[in-house]
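In the two complexes below, chain A is the common chain; its partner is chain B in one and chain C in the other.
Right after this comes the complex of A and B.
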């Protein structure tokens, strides 16, 4: 859009044409920050994730040892896998929180503010990823205490946790946008996310298995990175069509 | 001839398989205020959403602020349009001030106006109250504050006076006059033509998806 846009003169309704400045909008990164800040403020107020999802995740981790008994070798073997299953399933709930997408009048207002749908999607993803990271970091000690997994090279968990959080954050945000756009129940979000989360889940659990064996996980990290890149491209390309009214 | 802000010629809109508007023609000149009345379900909100570029025409020609609504040009003019609809477009978990700040942040407005406009609409004492804890009238005022902040060229008001107490009735006219004084225009939907009669230039009746002049 040009810097100025012709608009006809108001007061005398004559044929005089004057110009008014076009309406600038914030940069892509500022829009992303504003959306993420708004989402995190809403989460801070409602505590949907911190007060509901995280405790449920911890309880889910606790139920397995109660079910299989005190078979320590078995728990050590399945512990890492259980952690990622809980992260994937309850991570979807993090993405399904109310502030994770915009619907109705606020969504229309956001469009009319001139927001870039890709920036809105990225902002939601950023907030969801941050919350998922908190979710992972709080559940990890619970998982270690309950399952006592024997892992070498704990520092590899840093990129692993971050890449899984980014992937799940993108998937959950994308699925939330799809259900909002199609006006269908958010109950569909898990059905959309869990199958698509299989590459993330597989890469994460296989990485942990290789760490248990003391092997390199570079290959699986590359799989996670590629999956995240693919999801990022899909999110940016799908953002505009998902934001517009389907009519 | 000056370019109209809104120019609809034989426009139809379908929502799914349902035709909501048919053969609607409407023109809004700069500085002009058009009132729109009609029964429930006559298509008033759909017409406003079309003009707000949130819907596309299924028939006819529609141009808003020079942009063809059938094309991607409509994305470009959105920041020049303010729509105050039935439902509050505010985030319930944010305070009124935070909602205003959020709009300013998306638009890159950093001049302190986001706080000033809250005072202008009489919400200074409630600026830190969460939107979810505000009455419908207060949310309406907050939306008028946002319209003042964004300085639109085209203001669209659905049920302009809904939820506003008598002391705030003048606010509608003030906001409309602010927009038209800058060369913008407004379309004001109301169930109460008498309340908007003082500041609209003409009133159109929308009846079963078709538009006709009510008062020249």
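Right after this comes the complex of A and C.
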């Protein structure tokens, strides 16, 4: 329970003292769930990712053969790489969606409620990761149909897709928080995310190459897992200083 | 009525940088041409110090960013931006001189080599750092957010440095500071050390002026 509650008296604004709750009103996991549910509900209402970003990604996959020519063996080789490039570039757009933003009044409300900044960051990351996973799962059949890659051990794609979605989700959420209310945030987020997403992209594309050769991808999954752990620690540590910044 | 003007302080750092630059230029011209690469090897007297300064300046940005988050003193923020900006310049210079050297030696301007790609990525990450600073007008918010990004971006420094060890690359591994002694001949090594010292002094001068400029900008914004 909070010790004091925010007071709002329109008739006597100069005398109002706002005190913030010393402890959050809900547990960490409850806050994470509430933020993730809020983001996903907003996405369900606006259909920003499902109706715009995913079809846009599919169009990008469709355009590649026009650029490199209809050389089927070549497209079979580069298809999986193109899939990950599209996931990285359009994944940033998923992270930048308006429905996941807390700028302005929602940010003030979260501050007044005494929410834990790390929980808010984790909640946003969870929602973005979920949407990225949907994005990957819907684009993967498109990629397979268009490029017909020859891969052995399809079951390895399950941990691969999940780990890449978690990594990209964390990076995009972190970059979104760093650039919140910046005048050029739309252009800045991709510039901050894409170069830092290289370990994820490298591990994903090398994993696909090894699957094509019928080799194990355990080493690359370990790289993804380590990157994700580093990003998780960074996100939690950065959450509080980022929240303390006035909007 | 008499007016007195304060004597202009002697700029020892600028004098030292200018002297070191002249000495490095002389040393670079006196070093005999390389047996295989000829005079093209002299590009290393710009390329190697630029790469060293990229590491140094981004490390200074990292330390200043941590110091800002701990102390909330905007002087650390001005040091971080000054060093970051100068670092971006020297990273660009290292990339450019590397490309000019690569065309006659490797036959291409650019190749998909781990050292080259990671250095280019570091360049773009710190361009993003500078872009982030331009996008936020409030000095305190800007300082805090760019300090956080300055710490995250520093992950690129060891990746670039160890890329020649972690991956099989076309780029040569460390030849000056390495276990077992330097792989360079004494005259070339001397010229390289002179240019590294001269460039480092130039870096210090540039950071000092850029830092003063950043503090004046902050004062102008607060008026």
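In the analysis below, the second predicted complex is superposed on the first by the 217 of 247 C-alpha atoms of A that agree within 3 Å, B and C clash if a C-alpha of one lies under 4 Å from a C-alpha of the other, contacts with A are read in each partner's own complex, and residues count from 1 in each chain.
One rule holds in what follows: contacts are C-beta pairs under 8 Å (C-beta built on N, C-alpha and C of every residue); 3 or more make two chains touch, one makes a residue touch a chain.
All values derive from a computational prediction rather than experimental measurement.
Taking chain B and chain C in turn and counting the residues of chain A each one touches, the greater count comes from B.
Once the two complexes are overlaid on the shared chain, A:106 sits against chain B while remaining clear of chain C. When the two structures are aligned on the shared chain, A:181 is found in touch with chain C, with no touch to chain B. When the two structures are aligned on the shared chain, A:45 is found in touch with chain B, with no touch to chain C. By the touch criterion stated above, A:34 is placed in contact with chain B alone, chain C being left untouched.
In the superposition on chain A, A:73 makes contact with neither chain B nor chain C. In the three-chain superposition model, chain A touches both chain B and chain C at residues 245.
Contacts from chain A toward chain C in the complex involve residues 174, 178-179, 181-185, 187-188, 191-192, 195-196, 198, 230, 234, 238, 241-242, 244-246.
Those residues of chain C that touch chain A in the complex are listed here as 69, 121-122, 124-125, 127-128, 131-132, 134-138, 140-141, 144-145, 147-149, 152-153, 155-156.
Partner chain A is touched in their complex by these residues of chain B: 1-5, 14-16, 29-32, 49, 52-56, 58, 65-66, 76-83, 85-91, 93-94, 98, 102-103, 105-108, 130, 146, 150-151, 153, 180-185.
Those residues of chain A lying in contact with chain B across their complex are 1, 5-11, 13-18, 20, 22-27, 30-31, 33-34, 37-38, 41-42, 45-46, 98-99, 104-106, 108-115, 245, 247.
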